[in-house]
Amino acid sequence: MKWLQKFATTLEENKDYLTELDAAIGDADHGINMVRGFQKVITQLPSVADKDIGSILKTVSMTLISTVGGASGPLYGTLFLRASTAIAGKQELTEQDMLKMLQAGLEGVIGRGKAQLGDKTMVDALAPAVAAFGQAAQESKLMLEAMQKAVAAAEQGMKETIPMQAKKGRASYLGERSVGHQDPGATSSYLMLKSLLDII
Amino acid sequence: MKKLINKPEDFVRESLEGMVAAHPDLIKVNFDPNFVYRADAPIKGKVAIISGGGSGHEPMHTGFVGMGMLDAACPGEVFTSPTPDQMLAAAKAMDGGSGILYIVKNYSGDVMNFEMATELAESEGIRVLNILIDDDVAVKDSLYTQGRRGVGTTVLAEKICGAAAEQGYDLQQIANLCRRVNLNGKSMGVALTSCTVPAKGTPTFELSHQEIEMGIGIHGEPGRERMSIKSANEIAEMLALSIIEDKSYNRTVREWDDNKGEWVDVELIDPAFAKGDRVLAFVNSMGGTPVSELYIIYRKLAEICQKHGLQIVRNLIGAYITSLEMQGCSITLLKLDDEMIRLWDAPVKTPSWRWGI
Amino acid sequence: MKKLINKPEDFVRESLEGMVAAHPDLIKVNFDPNFVYRADAPIKGKVAIISGGGSGHEPMHTGFVGMGMLDAACPGEVFTSPTPDQMLAAAKAMDGGSGILYIVKNYSGDVMNFEMATELAESEGIRVLNILIDDDVAVKDSLYTQGRRGVGTTVLAEKICGAAAEQGYDLQQIANLCRRVNLNGKSMGVALTSCTVPAKGTPTFELSHQEIEMGIGIHGEPGRERMSIKSANEIAEMLALSIIEDKSYNRTVREWDDNKGEWVDVELIDPAFAKGDRVLAFVNSMGGTPVSELYIIYRKLAEICQKHGLQIVRNLIGAYITSLEMQGCSITLLKLDDEMIRLWDAPVKTPSWRWGI
Amino acid sequence: MKWLQKFATTLEENKDYLTELDAAIGDADHGINMVRGFQKVITQLPSVADKDIGSILKTVSMTLISTVGGASGPLYGTLFLRASTAIAGKQELTEQDMLKMLQAGLEGVIGRGKAQLGDKTMVDALAPAVAAFGQAAQESKLMLEAMQKAVAAAEQGMKETIPMQAKKGRASYLGERSVGHQDPGATSSYLMLKSLLDII
């Protein structure tokens, strides 16, 4: 899937940026973690190229779970796992499929990580994006436009993490000192959706 | 970045290779997924103690694998939680039929990965309990957050629970003991310098020559407060008083209930320290601070404990839970009871900790 | 300067105070003149092993006082030889009637001060022998100079001779054994960073981010050569090959002849290493390098030893002889014989080294 | 004795200088060592103020031996010990007494340290100074002038240590890298004689 290829490249380009964001309020490895995981994903893609989307996402999930580590590993791993189940067997995705997939992924992240909106995590980028996509889909918008709305919402959500005080993840140990910094996980989530938009 | 390494991406693997080359009588290593395990495991009928976490805290955990302590340790990338497949593979390899205790430091990554591993192990018919260590008093306002981090008490819990497993305690007993150690242990640390993650290549944070970072964790993450440099006595006092004066601490943690086969929320309360308590005093180097300085901290700590009516009956001084080459130290106080003392004194034989044998 | 200290001038004393507070079961401390000694000394009929040197190399020597190792250690100021009155007082206090062995690292200060102490002790009727450790292959052209420095082999000699004394060897036997250990041990070290002497407050030398100092001693003195940074494998290779390929080494040292009651010049020859030798491989942290990196060095060292037909039958990995918080490491190889192996494995119980008990 | 007071002050003023010299080719403690020793000497002086010069120097010697440490402790200690014996009982010193004292001190240093001229040690300052004093005394020069010659010779000898390669002491480990630096011990020896001249 071109999306994963694109996201892997985007992560590579933003590796230092994500790591710097994590250095400010975490432990300076988010970019490194994500790149390690998606580089592995890329090497696995050829072996599942002829499979349905669900199978591909399942492979992505397993790869991420066993190579990323940290907090982002199980979270993105669960995201892709649930997404894969939601669209099992599909070769192409309608707007409704995409919505189901995004919703399932988000639920997976929340179930695993127990973060709420405003906790300064990737949920703050993902949740608004899923909501915006849902809204657009309800208004019968087409894929491109719906995804544009979703990415815009994700970007907005990502930026809104800046003034937040972290309640989950490593940044929460900083208390008030986490205020004023953009969350690395929200940033990588935004980049993930942006990559998806770019290849539509 | 100046380190005795080859390529940053080979740091963990090559360090493990050197370790097993040095101690083939004590440990073995499995690669892909990575875990270090006792050379004589699995031991039939013995509960296996498994821990793990990001690398960069050596000797914890890999250096503590061996008789009287850990059965296996799962090292992640530097400062990055290991993955569930490592933990599952270690559990399968170590299971002697009496179950597995995962000792987990409270970081969202470690917690989530060990949770996934616990679910996977249970689904494969291995009995697993897991106990969180969350002893860092530098972290405040835990009610709606991640809660306190797991730091120095982890080392003490691994020693004490390892001895209990060696002596034939069953899984539930060891889990209860581990929880008790965690509830009675509190820690806090300070950084004089940052550390440098090999894959990043530059210091995680910048401290001027006049600054220290108070209340740091063990991953080079920023601490509670940055302040101007202090004397050893002042530092010892800030750390010790934060620990001794810490109020009893309530939080809800998730533990696996292996009867119900599901996660349950458990409310836990740390008692505060009180006059007359017998304690273990642990002064730990963050990696780059020499033992001569640790003794200067211990000197003051002993004085403070005495003033507060805490009786130090055991101590531990050295580099046990580190942040790569960071300069600084942490203090842990653990309230002891007779059983813990007996288990503390029991023999241990691992690459980095040995006595009584 | 950022260190866990109070006033620089109190560094040594406060560190000793902390040490004795932490280990009252193992050691006692005498102040003015300063020496650390075994809590159960003097031991009637046992030869006493005494060493000493500048402070800042901890755990050596004070951390090695106890059962199976040193009877006493005389700490000087940081990187400054202790004084004869310390050594004399320690000898008097430790004498169990079977004499004293002074283990002396070959630095002009240490040598001269221990010589004065030897003369004083003899004049007070205490039998003393003293053996120099000069194992640093980084020092060349010794014929007309001070000769090689004493570094890593000191630690190994103290362990082995301490065990021998514990087992009832007599003074002459132990002196011969100590000389044999010294002749069979060779070392070399590298610094990645400088250290800072507390009383001076600034780094002893400046290294850029791209430089390392090869062939350093243990006092922050400059090394043999400054070079651009290298990988761990390259560093391990430079150190190991300097040791393994070192030719047999001749020099004349002064030893006290206690029959004649005077100093005599003794010619000594180090043998070179040869295929088939059984060796102890010691990878030592200069103080600020974590054990994870030492294992990466050990990994390569084991490979090199194998290639050269040297069989590593024992090893030691950790911070044993340091230069305050300096980053870097040293390698020592000691050719072993059966007697040394037996003594190496014997129990030891000191603040910083314990096994078998 | 005013000399010791003066020397102690001079050392205090030159503590960092001597330590820097030692940092270049040694272990950065020579100034610290000397100051520690002579501060202790100063506190002992009152208790021997009414004694003869020999007794005073004996006390100095004992104090240095037990407080300086390092290489300079036994060397300066032996220097003062031998000097004290050479002029035992004297309350004032003639030029000949002074010569005997300096000669004895120098012999003590050489006996203990086994250094020869050119080894880049304090001997390179002391030996020429003693020789110059001896020469002047032989020519019946008075104390002031003889000491001026001695100090000039010490200064010259001290400077000549710069191009030397060290054969004794810690600097010898450096091999050729010791060339180009002035020896700290030769420097403190020069300062010692200079202090003596200053109070004559």
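Order of writing sets the chain letters: A, B, C and D. Residues in each chain are counted from 1.
Keep in mind that, in the parts below, a contact is a pair of C-beta atoms (placed from the backbone, for glycine too) under 8 Å apart; a residue touches a chain by one contact, two chains touch by 3 or more.
If you want to know which protein each chain is, UniProt gives these names: A, D = Dihydroxyacetone kinase subunit L; B, C = phosphoenolpyruvate--glycerone phosphotransferase.
On a predicted model such as this, the values are computed, not experimentally measured, just so you know.
Novice: Cα centroid separation between chain A and chain D, in whole Å?
Specialist: 74
Novice: What is the distance in Å between the mean C-alpha positions of chain A and chain C?
Specialist: Whole-Å distance between the two chain centres: 56.
Novice: Centroid of chain A to centroid of chain B, CA atoms only: how many Å?
Specialist: A distance of 31 Å separates the two centres.
Novice: Multi-chain contacts in chain D: which residues touch at least two other chains?
Specialist: none
Novice: Could you say which residues in chain C touch two or more other chains, in rising order?
Specialist: None at all.
Novice: What topology does the chain contact graph adopt: line, ring, star, complete, or other?
Specialist: Here the contact pattern is a line, an open path with two ends.
Novice: Which two-chain combinations touch?
Specialist: The complete list of chain pairs in contact reads A-B, B-C, C-D.
Novice: Spell out the part of chain A that touches chain B in their complex, as residue ranges.
Specialist: The contact residues of chain A facing chain B are 19, 23-29, 32-33, 36, 65-75, 77, 112-113, 166-170, 172-175, 177.
Novice: Which residues of chain B touch chain A once you look at their complex with the stated criterion?
Specialist: 33, 54, 76-85, 107-109, 112-113, 115-116, 136, 138-141, 144-146, 149, 197, 199-200, 204-205, 217, 219-222, 224
Novice: Mind pulling up the chain B residues that touch chain C in the complex?
Specialist: These residues of chain B touch chain C: 1-7, 11, 14-19, 21-22, 55-56, 58-59, 63, 192-193, 209, 212, 229, 231-233, 235, 287-300, 302, 315, 317-319, 322, 324-325, 327-329, 352, 354-357.
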